[in-house]
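Below are structures written as structure tokens.
Below, chain A partners chain B and then partners chain C, in two separate complexes.
Moving on to the complex of A and B:
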């Protein structure tokens, strides 16, 4: 007993000791606003002994400036400067002109286009710190030059923010430019568009596997809206759910082992999960109303979905096994197209109350924020880094794919194909 | 049978005479000695004066500092005022010594006394006003023409409140670099500045995890370093600061 008392006494004495050094008082230093970092992108110069191709250098510089501007963190601009006399590797950067011009960072590069391909090297310099922060060299073909620029911008964001960008991601979407709704893929900024399906039918609701190798979509090519799977490297559609009735709004689980979708094989449209080969359907919802558009939370533990069980379509959330259902949206009108953010803290969705607009809310349904105001806007989808949202909008006449930041700023049309362009989905980073 | 026997003591008289003689001799010796010793006068009390810590007129205002020569002339010209910058409460004016007047008699006596009191009050008020005006004028000249800052400083050092000075420089620099990507970022930083004004250590105690914000704080410190002067007295300074966007509460 006496030992315990002594121990308690010692502990209480320890509690009375002064705290660690960091418990000292800190003097508050504050500043208003959130400044955009000013960044100059100098067109790359030809490497020693390489021929000059200014069009390549300009395209890479403009791609980098566009990417970094869209991140919202930078005020990036192309800025011509005299080439470094001894090349990028041996020359010493003179920071003074950049500092006096108010730049925070500078990107310089050099390239060499030869018969065997394109080599490009980019460097990021901190003007104030007078030091080099990042060096990357890319080797490939001439057609890869935009990819090189996107990849370097991913690295720039990684270096300065701790989280890489998603500029090497691509967008899968549905376009009717051929007269049929087919699936296409393009760079996130709208370049390098390629057609994926040629079903001459209605093909909608694409989604991509977490590894970025396969897509699923609903096609009416056999008359019934069935769910198909296709490897991006293949031209063969593999049917994975051809059950009677609707096989729609398929969504790949974050671990890639399951697919959630809406089936009406039993009459009412209900949510199910199936294995990636279409086997073992497991029913998740039981109601007398339609349940569609499942969206997995990033950890795969929950599914948000749309149901009109309370009248108008509203967004609900449930556990991945179908339990613990509760309603998220309570802001009136109709709410649909939920998309869970990569970090799991937000859900983007479409709200219809007169017009169709994109909204953002916390994962618990609180904090609704309207992001779009012009035209009809639908189907928001998150970029892999959670910094951007892609959506379709018909504000310019026909439906097109747009991209914006999370605060609704920087709304930019990125699809340039004719016809209707809808249902955007981001691929993982390349 | 008791028989009284008469005894004759002849030595008593001799002893008495001898004693009187000796006492008299001693008395005379002291008188003689007194007369031989010189007169020293009154004994002086000794006082010790501490010349290092001289007493001041008003201890709560601090020790007076030596004024420059020009200022000394000004002060000499000006009426006597207290050494502090803050005006001292006016001391009571010395009452003028009036000639003793015979006590008034009859009805005129109260009127004359009242008149005398009024005149005395006016004189006192006038003297006070002149003294106050002179003190203010002296201070005004001192502020307009004198040098501000630490006594004995060379003008290349910050004042005694170096923390406030550094805070101001950091804030200016932070305004030029602030950038963040999360809602309520903050960074707790400890800075150590050497006697030459160089930041020799930047220690991030804690951060909300916004790397972009951390970099903007680093850049602000780097920018501020280019503009700061050394700490006072060539000492090493260590301070702790929390950086955050204005109007954002720290969680």
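Moving on to the complex of A and C:
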């Protein structure tokens, strides 16, 4: 324990060295190599004739700074500046003060809150290149202000890297806040939390359809651990696999046509695929052991899973039809919760030898890298852009949902619900 | 499957013969006149048999205090990450079988497999399933009919005791026996 503390101290001292690049309010560890780009987010100014609502402007600016910091590309911070006298309009900004303050990019904006809703416009400026890179205008209601900020940050990353951000994604997860494990949804940064299920039972292991419209989960609401499906727009749980025994760890195939899951109807817990309505079960694994937690490769051709066929639970991979099984993890201990990266090149998982920690490996099992060190950490899941991992950690007492970058930096608690908070899953971008 | 049930029948036959043998000895000692009749009757059921009147009496007792009867079914404990039955588990299960064959001859039970907090919750669901099933199988070999037994796994969702040490874990790695009918 003291060794971990010492390591953390070293890391946080390293963080302090680069100085101004690390002014964010949460602890983070810089990736070696690239210098982070310095970005100023100026709170948006009221449009001509619109009333000032600094609390809205500040919340949007803080949201943008938080998102862009977590991307790992930027040291982003809110930076107050005098309003542009002629508004955003067609005016060019004065780049000189930003240049001398060491900034690479500046975001400025304009907003108008009227009786019929909220309008916001954001612009990204390249300080060194002295040019405007991106303009986006958002029209909606006041409650959408965080969504506006997230949506703009998705575009900023798209403009600068060619790969959009995923800050408009939300996280589905399980919380025991009410005393029962139920499914919840929140923005990726923990805001706008809503309870989805009210089963007053044990409801766990959610997954979301690739189109973002439906979730599946396992619930004991009718006694047996059955698999249910539910449209996010609905309050009705539709049972889709109620076979005798376990109906657990459902995982939607990338093309949305099938669900892989673990069933114990034939004795052992084995992996099967079923159609999205629960029909046509096809058995994939044949063993005398437990097989759970299927994870599809993004092209749908392979499935990683957990099996204890060789002793302690380990991660294996097979073709999506069940053929060509081989073991991926050989680093001792037990290994759980495989999650395939959106690009297909990496698998994140949980390694247990004493404590539980999140690891990353190449999809062929090589190159194991430990990402977490503090507390018990489980069940990593990739953001749709592959830049972030969500996971659960009980480092601060009871389990909470955390988010971090792929190098283990920026580990940040995002869930606000009490009790146990586990099983995060990212929705597609909104 | 066929083979297994044939083996089971042979085993049950042996049990029945042994039961009959015991009864005969007892009867000889008591020197009652109805010996031959009783012996024939007792050889028929594939379970350790009892006089019908006595069975009836016990059944009434059971319905009178269902809770006491449920408590008569002992919890079975397991080693870490294991689902095979220890000696103490087999002892407990044979006592449970005795209760299910005599006192609670009509009862249906659900065996709930549970795990300690270590291991992933998803994997533990499968481990709990295996624990429930290994107890179910053993009860079946002891003569409890399979259609009286159902299983469920709660993984680590329903710990018997809170705590993060071996003494808590040992109490949580278990099969609970619940009377469902």
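The rule we apply is simple: the second predicted complex is superposed on the first by the 396 of 430 C-alpha atoms of A that agree within 3 Å, B and C clash if a C-alpha of one lies under 4 Å from a C-alpha of the other, contacts with A are read in each partner's own complex, and residues count from 1 in each chain.
One rule holds in what follows: a residue touches a chain if its C-beta (ideal position, glycine included) is under 8 Å from a C-beta of that chain, and two chains touch if they have at least 3 such contacts.
On a predicted model such as this, the values are computed, not experimentally measured, just so you know.
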Just checking: does A:205 make contact with chain B only, chain C only, both, or neither of them? Give me first, second, both or neither. second
Looking at chain A, does chain C or chain B touch more of its residues? C
Does the superposition put A:308 against chain B (first), chain C (second), both, or neither? second
Once the shared chain is lined up, is A:378 touching chain B (first), chain C (second), both, or neither of them? second
Once the shared chain is lined up, is A:36 touching chain B (first), chain C (second), both, or neither of them? first
Can you give me the overlap between the chain B contact set and the chain C contact set on chain A? none
Show me the residue ranges of chain B that touch chain A in the complex, using the header's touch definition. 163, 167, 170-171, 174-181, 188, 190, 205-206, 211-212, 215-216, 218-220, 222-223, 239-247
Chain C residues within the chain A interface of the complex: 81, 118-123, 125-127, 129-130, 133, 151-154, 157
So in the complex, the part of chain A that touches chain B is made up of which residues? 22, 24-37, 73, 104, 126, 128-129, 160-163
Complex interface listing, chain A residues touching chain C: 181, 202, 204-205, 220, 223-225, 245-246, 248-249, 262, 264, 267-269, 290-293, 306, 308, 312-313, 334, 336-337, 350, 352, 378-379, 422
